[in-house]
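Each of the two complexes below includes subunit A, the first together with subunit B, the second together with subunit C.
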Partner chain A sequence: MNNKGGSKIIAMYWFVILMIVAGGIFVMVSSFYNHPYDIREIEGEIMINNIANCLSYEGKLNSELFDEEGFSQEFSENFLENCHLNFEVEESLNEEVQYYFEIDFYKSENLEISTFNIFKGNLNLVAGYEIQEEKEYEREVKGVEDSFFSLDEKGEELYLIKILTIIKKTEKNVK
Partner chain B sequence: MLNKIQKNNKAQISEIMTWIIATIAILIILIIFISASSFLAQKTKTVQAQNLEIDFEKEISLLDTKTLIAYSFASESQRNIIEKWEQENE
Partner chain C sequence: MFKKRVKKGAILMENVVFIILNILFLSILILFLLKQGQGAALLEQSYAKQIALLIDSAEPGMTMILDMSKAKDLAEKNGLEFKDIVINTDNIITVRLSESGGYSYSYFKDVDVSLYPDNSNPEDIDSYVIKINEYK
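Moving on to the complex of A and B:
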């Protein structure tokens, strides 16, 4: 019996198998690397560090934080400009602000009640942060909290400063 | 001679049959690997500072450093407040 034609058919089929395997590898790699990394926690920590550097230097609070009557409202209102913070994001994201931060100052006599408060950014992100523990909403926003102690300019009063930063940017960090 | 050929009832599996089984096996393995890679990709790839290999003997939190500096300038009573708060929040 003449089976010479059989080897030619099998040779073609070999290339078909190769293409199937190559396609499978392509699908695996693209499905894995198409998912972005979520860097919002690191971004939040960097924001906290920048805010802390603006508020406190060499163990003492920034003198511009205070005026004759106590904490300066003017410094609070112009906080972004004073501390060189920029909330602008790339155009592909929605027009709404993607960041929020809140700073609370506590006097050493009472570390439970905030003496002064500064907040800037999108207030709506706070609600997302409060329900972050639910699995359904854990990727919506990412919040980072940290705190430190600092003395006032004269070194007489000790303050606890708590900083909370919340970042949305869900489209860029989650798929 | 012809009788021998007619009585020969041994079946022979062609080479094509071998390739069909091999194709099915390859497809099953591919489906398993694609499913596994999709499942792994669905888990959010979060980058945390703790996951990075940092030499913690050299790298200290900035905010902890600020607290340490304030502690060094603080009075005795203020230091006690800082120590107490750190113990409660460890």
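Moving on to the complex of A and C:
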């Protein structure tokens, strides 16, 4: 009689443990699947590739990037059209633009001071990127940086080109 | 002697019930896990983001084929036609796998894109063709 009572208690205890385990799994799985996939880093890398392909081909900078006076201001102003990028998608028309990028050109003899730079998109995202190290803001925006060397159009001067892309799209990528 | 047999039989029965309940419990748990990964909302998001990334990384002239068999099964179960599940309007990809749902994601590449079901095998159409035509 005592043994039977004991085994019943053990069985009950076993089911309580199972319930706790099931509850834990349920909470973990739900929280995992409720979080959206964060693809902003991949998007940023793809944007860098697009920009790099537009700026340089076979190791030489795009000839349209220069005019008689050096770097072309006109090319810079129409960079989005020239490089076939569209930041004004309908999704973001009511809100702010969700993208930002910055390109810095450095001459090989002076890698400290950039000789020319181009930036487009929402400038406000830069502040979000700079304070990303603080935990509170780390998910606000995602930034990706990359650089490459390229010769100028004549193949005479070597440039280091640094590209930074920042993407917000917080509500689509972070919960 | 007889009493002992009854007691042994009762213990065996209790154990069998206990094991069956355990198996039932684990089966429900596994079914729950499998079902969680195949929800319409999750698939819509996954396909919309995949298509947007593919377009962003493609160049004009490229044609890509994306396997969407899971999306097809779910869409048909929810009474939607496969040809209507992916919509591309003004740089926004929308994937819809249920009457009420739908997930949109934008791409930044300024290209003209054609999206349609892959009819190369008419008996089994479960892929989508993503054709990058030219810059806008």
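As a working rule, the second predicted complex is superposed on the first by the 138 of 175 C-alpha atoms of A that agree within 3 Å, B and C clash if a C-alpha of one lies under 4 Å from a C-alpha of the other, contacts with A are read in each partner's own complex, and residues count from 1 in each chain.
Please note the rule applied: contacts are C-beta pairs under 8 Å (C-beta built on N, C-alpha and C of every residue); 3 or more make two chains touch, one makes a residue touch a chain.
Predicted model only: the values in this text are computed from it and were never measured.
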Touching partner for A:Asn49 - first (subunit B), second (subunit C), both, neither: both
Subunit B or subunit C, by number of subunit A residues touched: B
Which superposed partner A:Glu58 touches (first subunit B, second subunit C, both, neither): first
Which of subunit B and subunit C A:Lys172 touches, first, second, both or neither: second
Touching partner for A:Tyr37 - first (subunit B), second (subunit C), both, neither: both
Contacts of A:Leu111 with subunit B and subunit C, given as first, second, both or neither: first
Subunit A positions touched by subunit B in one structure and by subunit C in the second: 29, 33, 36-37, 39, 42, 49
Footprint of subunit A on subunit B - complex, ascending: 14-16, 19, 22-23, 26-27, 30, 33-34, 37-38, 40-42, 44-49, 61-64, 66-67, 69-74, 78, 81-82, 85
Residues of subunit A touching subunit C in the complex: 7, 11, 14-15, 18, 22, 25-26, 29-30, 33, 36-37, 39, 42-43, 46-47, 49-50, 80-81, 84-87, 89-92, 98-99, 169, 172
Contacting residues of subunit A [partner subunit B, same complex]: 6, 9-10, 13, 17, 20-21, 24, 27-29, 31-39, 41-42, 45, 48-49, 52-53, 56, 58-60, 108, 111, 139, 146-151, 155, 158, 160, 174
Residue ranges of subunit C touching subunit A (in the complex, touch as defined): 14, 18, 21-22, 25, 29, 32-33, 36-37, 39, 42, 45-46, 49, 53, 56-57, 89-92, 104-111, 135-136
